[in-house]
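Both of the next two complexes hold chain A, though its partner changes from chain B to chain C.
And now, the complex of A and B:
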């Protein structure tokens, strides 16, 4: 007797950033094949950067993603400053951390309220959700707006900030400009705290994965704009060592490269990794809210990533308020960065996880080679493993219910297909 | 007037190009990428808004679709290859269900042909940009 075969296909995944597809093939009770397909012609930006001046890189890479331009700008700046042997002053570093908190709030705010919440409440879109629960969506939009306000004030624009440059900023905000912002953020912080409680009370499938968590860490704070790479199995690396331990490979079904550890294994970066490796370094308010929402010090249930993201929003607001209250206006908004013939690596924690850049510069600062490893291509393999486990655990579900559960498993990791290339499309095949 | 698009994706830049021309003529015109919450913020407190965006429905490139977005949902098929995470049609529907639509909301959809990363605008689309900019300049300066 031949096993019954089923194919589940979602051609255009909804509620992910960019477009892609999911394909799952099942024979009887065996999961034969799982693919997250990403289509678009890849890596256009790495080629585009060759021949450009080192001072242009942060603005060009910012265009890779409409959701996380600050991440691209600051990873690029870190790599170029590394190549040129420049180091920014502490007040500039603090200002970078401040603008980055704004981007976490914007990106997570959008994902929690508009992309992920509908999965838990039984709606197919944020629009349908907003008809029955306008308060949830409105609250998400207000919290996100607080993030916009940070990026707008420090970056000069809410999206694609223009104020960031190699060495620092074109202009640093004054203390007087920042103070009213703190008041706005305090209001948003109250709402973010409510949102953590709301997220913690959602219904989660009972599911845990054995992740190798990879994220930047700092000795005294929750890493955002800098740090050393740590993993749940003991890695401790600087950016120059990254490519010795991680590599990318082409796979036929996707235009995005798959990242692996040298031993061939997958790993997870992003909110669950950061939280799992550094939850003890969150602000007291965020730590307490996480515990009240039912999170332990490590969270390995990917469906609870909505809670972790909500905690990170609360933390980012708390941290932004602290950074404003302790703001030390830089004497000069930027340090001089003199070009030289050299290579440099830099990384930061984008909302979706580790974002690594490497550049090789000529003596006059012209870019000779660029390499960008976005979080989604690092997570793609791991997302496929999640999918495989979710299908195996839910094989008795009908096709429609199973497809939904699979899509949700993908959205748990907020993949940004625009960053990893673009255009993803879900397919489930039962034979 | 709100021009929507991505300057790095060929014909998707059309809405931004129209906005730039109107601004050069001293008119109120903003540029956005199309992420819904930023559109809702951009038209907050406005009574009348004109959106200009590139669309893709299989018509001749450069065709200009004129739609009343306040009256009825925008046809989803116009945004089949939207490069935005959520389309402009989604933003309009979200605003409708949250009671945040301007009284008048018109959409000028410029039919695009090529949305590849790094490409320029196709000639027919560039011509339509000039035509829409001229039409809106005349309307808004009147």
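And now, the complex of A and C:
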């Protein structure tokens, strides 16, 4: 008897950033093929950066992603400062952490309320969801707005902020400017706490994956803008060692490169990885809220990423308030960064995970070579493995229900296709 | 009840930031969604409906043959079409390939360029189909986007100022960064819309809203040259997010020799 063949195809994935598709092919009970196809057209950033000045890189790389421009700016600055042997002062480093908390809140807020929540409640969009449950969406939007307010004030605007530069900032905000922001953040923090409780009470499929978690960690805080790379199987690396342990490969079905560990295996970065490796370093409020929402110290159910993201929002708000309350206005907004002929590596934790940059500079600071590894490239292989497992576990479902479940499995990781172009098209082909 | 106008939002080669501006209207988005039928907005909804559409908003530039074909279909299905952002109106940062060899670009990023399909140039949507209105900025200003949508839904012209960033800066009462500090600033030739953000943050304008009407950048270039900008600095200054806008393109080429 020949096995029944089925194909599931979503030609254009919705509620993700950028353009991708899903392809799944099943023969009987065998999952033959799963692909996250990224057809978002490539924009060749690593090529167009060649010949640019080292001072231009943070503004240019911001344009890779409208949702996480701060991540690109700060990874670029870290790599270039490394190449030039410059180190920013502690007050500048704290201000960088502050603007970055804003981006986490804004990006996670968008995903939790607008992109992911409709999956759990059976709606096509947050707008449709808001007709029946206006409170959920309105609360999410207010929290997201608080994140944007941070980026707006520290960075000048929420998308492609203008105030970040190599060495620090063009202008440091004054204590007086920041204080009213803290009041807005406190209101948002109360709402974010409610949102963690709400997310924890959603219905989750019983599903765990054996992830190799990869994230930056810090000795005494939850890593955001700096740290050493750690993994659940014991890696402990500085940025200069990254490319010895990880590589990118090209696959025919995607304009996004796939990252692998040198042993060929996949890994996961992003909220689940950060939480799994550092949940003990969250603020007490965020730790308690996570426990109350049913999370242990490690969460390996990708469908619960909405809870982890909500916890990270709460943490980021807590952290932003703390950073404002302890704000020490820098004497100078930026340190001098003198160019030299050298290479440098830098990384930070973008909302979706580790973002690595490397640059080689000429003596006058002209960029000779650039390498950028965004989180979605790193997660792409792992997302496909999730899909394979989700299809296998739900093979009895009809095509429409299975396709929806698969799309949700992709959205669990908040893929950013615009970033990764070097991303994904999923079809399900059932034979 | 009269049917609500049907709105569609499309993405071509871009960073997503301009359509994100719509979702960043946290106080207005739900109200707006009540006034229109969001017929196609993939980033926000999996309920994608067929045209025709009353208003299509397009982000991104044309960099593939498939997108060149797609934009014709979008145009045919749309009563009005508005492009938003530097990618859609000028080709975006990815238009830097227009000054280089795209084969070289591909080989830098991809080990197997044959898997990747791309055009040699990144071009604005207006080079491919008729565009009813262009909203500039990298990214666009979300208040201006709301104004443009409101205007089109009410069949009036958008009230978007066409003067320079320089005017906005003076109105804001900033000290001129060029005159006071000799800082290179594209404010005199750049389209208004940001509210003179950069000078307000102690840096020169970097032209992300693209050229204003009749910008005469050669005169600004002379001033910047007299204050220490070399030819390469000038090429780089004009050759960013709006490198493909004619006035900036010509001026960058003029300093390349």
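Convention: the second predicted complex is superposed on the first by the 423 of 431 C-alpha atoms of A that agree within 3 Å, B and C clash if a C-alpha of one lies under 4 Å from a C-alpha of the other, contacts with A are read in each partner's own complex, and residues count from 1 in each chain.
Everything that follows uses one rule, which is that a residue touches a chain if its C-beta (ideal position, glycine included) is under 8 Å from a C-beta of that chain, and two chains touch if they have at least 3 such contacts.
Note that this is a predicted model, so its numbers are computed, not measured.
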item: Clash-or-fit label for the pair chain B, chain C on chain A; value: clash
item: Comparison of chain B and chain C by chain A residues contacted; value: C
item: Chain B versus chain C as contact partner of A:141, first or second or both or neither; value: both
item: Touching partner for A:259 - first (chain B), second (chain C), both, neither; value: neither
item: Chain B versus chain C as contact partner of A:250, first or second or both or neither; value: second
item: Touched partner set for A:46, first chain B, second chain C, both or neither; value: second
item: First, second, both or neither for A:379, with chain B first and chain C second; value: neither
item: Identified clashing stretch of chain C versus chain B [81-89, 99-107 or 171-179]; value: 81-89
item: Footprint overlap on chain A, comparing chain B with chain C; value: 16-18, 40-41, 44-45, 48, 63, 66-67, 110, 114, 125-127, 130, 134, 137-138, 141, 144-145, 148, 158-160, 418, 422
item: Contact set on chain A toward chain B in their complex; value: 16-18, 40-41, 44-45, 48, 63, 66-67, 110, 114, 125-127, 130-131, 134, 137-138, 141, 144-145, 148, 158-160, 418, 422
item: Chain A partner contacts - residues on chain B that touch it in the complex; value: 6-8, 32-38, 40-41, 83-86, 90, 93-94, 97-98, 116-118
item: Parts of chain C lying in touch with chain A, wherever the complex brings them together; value: 11-18, 20-21, 23-24, 26-27, 29-30, 33, 38, 41-48, 63-64, 66-67, 92-94, 96-97, 100, 102, 104-106, 108-112, 115-116, 118, 122, 138-139, 194, 197-198, 200-203, 206, 208, 236, 240-241
item: Residues of chain A that touch chain C when the two form their complex; value: 12-19, 39-48, 50, 52-53, 56, 59-60, 63-67, 69, 110, 114-115, 118, 124-128, 130, 134, 137-138, 141-142, 144-145, 148, 156-160, 162-163, 165, 170-171, 249-252, 255, 257, 333, 407, 416, 418, 422
